[in-house]
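Chain naming follows the written order as A, B, C and D, and within any one chain the residues start at number 1.
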């Protein structure tokens, strides 16, 4: 068969929506019991785990002290690593890389299985991956949230303890790590994968296999990091400071390997997003016409790809310290306890903006829709995101102001850190400018966006306090910091995620979220979020360090207030899950094609979205967000026969 | 990854096909450059650790008695790795000139030398001559060796997959040289080979730098 | 699926999730330390001193849980006279406590000789096998194996090690008549509250700085003193 | 209100109205803050450092209040005046797309000037206040007068301090899992689990660790410095009146991190000297066994007999260590 013949049959097959037995049909697509899905993945992962454990024991069999130490980290590491590889092998992620060795370059991309089981398979459709990510991220969030409830339960009383001190540290560490890992993907994964191609008028991602791989690595990373608990936990918090890291028990391996695995997933996700945005924009979509959410994802992708390799290297060194006994982080053997701090925060600070920029993007994307105004100062917004991304590589030592490194550099890092608030401030300029004399429709996504501005303002202003070295002396390492980053990450990113879900779920699933329950959810989440975390600023100023199981008795009142609010905040998430299940599954209400009257390209395709997204590759005609001009040309020409501005007319 | 065309929708005009083809080829270009960026940041972490520990010299244990990892192994690993890069690079030059068979001979030899480098890099662990935790240098060296295993695997894998793909395309094009074909798969193949050769130059340059740091300095 | 079908499936899945979470909590997090307290206030006459007996062993052996190689303290249950693996105790406030600690573990030089000094006990002294001492030079003799220290009460007493070259060092608790040192001292509990006590000697074998394993796990080398009125 | 928002000059009115509300609220807010809150801002004024940092905090707060109020007033005003309760506004707002250049430029200029002022002010504070109580590492860039001399003298056992001498008092803080201990080089180098310092004296805290990273946080003195193994992290403060303070570890260091605290005391100079000389005498027997006073110690990474690194090279370092002496 010549290539052209093969191609034409494939096109026909795709068009008619029926699978066909083409050469190179991979195992993923085979129907029946021989297909690869999450169950085969789990089975092969377990086999890999056992094999890795045996191999690790075999490798270390010549070293008595490892065999006798009661914690064979080589076996543990290899078991988990082989388990991850087995998971990927079982889901079918490695079929293509193996086939490539034999020169194969054209496996099927569409999953011929077009029923619910495609969500449990290695799917190359970015819309399936997006929904997989939604569920994955919510599971992640739920696990971390439960651990947060445990943390607040322990802090109800300063002297009577619900958990033993080591259990408490394990819970705190697991909560922090799970949340930080989840938050790096919370928007890029679900909403980025789902909507970036739709927003730029592309029919696909640049590297759909890498995209799918990033999701399945994300799930594997989640399981690895969760495996820390049965392994006995790790005592270092999410920052994993060495040499405590080197001292810790086998649970630490789960942390290091989990972060490295998730790191690979983050790199791949960012890589795919960046390449897609750069190369797959529809004709006519110049850089000044790119939707602002896509700008934010591009800036985030740049950070993901360039900062995460440093974490990967740091984690690798940590694993070597724990397995083959190198001494990267052990001062007495020629290493340095500062090395991890530097590597970690060189990744860690850009990571903080990985967790802020997509939130800004969603806020700026949603605002014009509900204000019926063009986005104010679009270019400033895009410049702000790029500025934040660039500057974030030069601020990491503000985490180390009291560590004794480079005291003379402190004014410099204070300056760079405070400079970041200028581009961050652009987002407020954009938001406030857009609101000016607008007609503000207070739908639920808009409420979440307004709450984001409220919360992030507090988070940002306290960030300036933290970057000021004299004030940092008082607040570093205390509850003030803790409250600050919960205000920026939870108050910013998680509120943005909720806004994005309420906004886009109708397009993703064709069903509306219930408005009444949604309002209850919003107000509970907003009020109790602030009641939980605002007292923590005061608790921090009054001298309570982070991650302690006992504290001064005079702080019990504030801590209890915060704890009770936290439980109610947790309840608000149950309301959200209730709404999600009720509206999406139990008693769905069919969504209109464009419930928010958005001009965004993602709303202009057919519903449900066909596998190829657009009938024809759209041509972008004008700037986005021209909401104020009646009769403005439509954003894109979809070439589907109708008048070019049909979509805008239908809105009025 | 030249399967761009398969996810096209019902409308499948030549213009759209060409548009997606170009996006695909520039994705290969962008992606490989971005990959080099990713790899640079990872190697930079190692270089940073090396110089950080060297300048800290904690406990006077950066490198007591100036221990060095076995140079013969280092030379073998670096030499074979360099040979792989050069074979890939010059193989591609021959391909551009039109000689597919030269390319395929060079590339398969390159895969062979790459695997040899990998073998020696792994064997070197059994002849280190120092305990991994005995000094800062020893730790960094183990880190370097592990990363180098990754680099060698990636470079050999990329070289192997391009040449295997080239041969398959050639067979399916009934012997046409993929270098001169305007078939989409051949075009994607050329972009892939160019990116691979570019990456091999990067591997050679960073390899030389790391070799100097760990075996000569 | 019908509405009721979906509803009952959702509720069923919810219950399964709750069950799974509960099971995870029980299995992995071992909540609560309250069960681990030994009560010394039962039948205690106000003002009368309390006697507490502990032993410290180099490896706890297979009789007490999952980590037979870890160091641990054991406590003698005053009611039954049995050695139990609970390190926390409930004590009456402002009361003299006579501690007797049998150390079965070998010792070594201290990293910080500060812990070789007896502090915070009545008279700032302790006895080693009946002989009173104030400072123990850990660089001589058998060194120090552990300490019993209550930081909030400024109490710190070194547990002098037994000869590490002996062949019959206890490796399986409780240790009975195997070679040991008997250290006694008295201290006064303060106001009601929760105090923690710990060992400050890096004795967690096989971990960096010797502070992993039993040193980093509750109920091995430390516990709480709950002082009640 | 909605009527005015649509008339042709409404734009000016809105801004003017918001500005008036904002100015009034900001002035009220700042005045209320400075009268009722500012004097009580933690951690109090037990030391010069705490007082200075409290001032900095208050300055930042006085600036933050208008910023917060600015956004809040704007948001509330927008919602009240322009909010569309029924969500039924026209799909097109009618007004032409406008990017007000003046607003953009003035926003950027105002934020930049504010930020640059804050950075300059913070740098000035940290330099003139000798690191503001933060750990400055082994070679403090900004040391109080006489501090470096006292540090050098302490190392060779020649540092002196007596009531009224105005000398800088170096105190070594040794972090270890899970307790801080303190050495006083001026008084024979004795080590104590208690931290007592004299009033009206510049103290140089030399913070180091014998194992993992800790952080020495003397809360009411407002001193915070990480304790790293093998590193001397110096932080300065000047005590004022006698009083009590709390020391906590503020860097997660393992299971007992939450109970790694003790209370310290600022005592009158005479009381302090009395305590120090008494303790020096009482601890003499133990002090003789301690390693010679040094700014850092290279602890044996294998612990007492931890044995993590199983290698014949152990002990590795030739540097004097805590715990390096072997039994005779």
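Simple rule for what comes next: a contact is a pair of C-beta atoms (placed from the backbone, for glycine too) under 8 Å apart; a residue touches a chain by one contact, two chains touch by 3 or more.
Computed from a predicted model, the values in this text were never measured in an experiment.
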Chain D and chain B - chains in contact with each: A
Label of the chain whose CA centroid is most distant from the centroid of chain A: C
More contacts between chains, A-D or A-C: A-D
For chain A paired with chain C, centre-to-centre distance based on mean C-alpha positions, whole Å: 42
Centroid spacing, where centroids are CA-atom means, of chain A and chain D in whole angstrom: 32
Separation of chain B from chain C, taking each centre as the mean of its C-alpha atoms, in whole Å: 55
Cα-centroid distance, chain A relative to chain B, in whole angstrom: 30
Shared-contact residues (touching 2 or more other chains) in chain C: 196, 206-209, 211-212, 216-218
Interface hub residues of chain B, defined as touching at least two other chains: 58-59, 61, 131, 133-135
Set of chain D residues in contact with two or more other chains: 211-212, 230, 254-256, 259, 298-301, 307-309, 311, 316-317
Pairs of chains in contact (touch as defined earlier), listed by label: A-B, A-C, A-D, B-D, C-D
Residue numbers on chain B that touch chain D, as the complex places them: 58-61, 131, 133-135
Residue ranges of chain A in contact with chain D within the complex: 63, 65, 165-166, 168-169, 235-237, 239, 241, 243-244, 246-247, 325, 327, 330-334, 337-338, 371-374, 376-378, 380, 400-408, 410-411, 414-415, 418-419, 421-422, 425-426, 428-429, 432-433, 435-443, 450, 453-454, 457-458, 461, 464-465, 467-474, 476-478, 541-543, 545-552, 597, 625-630, 651-652
In the complex with chain B, residue positions of chain A that touch it: 2-4, 7, 10-11, 14-15, 100-110, 202-204, 206-209, 267, 271, 274-276, 278-280, 283, 305-307, 309-310, 312-314, 316-317, 320-321, 324-328, 330-336, 338-339, 342-343, 346, 610-617, 639
List of chain A residues in touch with chain C within their complex: 65, 68-71, 146, 150, 159-167, 170-171, 229-230, 235, 243, 246-249, 330, 550, 581, 585-587
Partner chain C, residues of chain D touching it in the complex: 174, 176-179, 181, 191-194, 210-212, 254-256, 259, 262, 283, 285-286, 289-290, 299-308, 322-323, 325-328
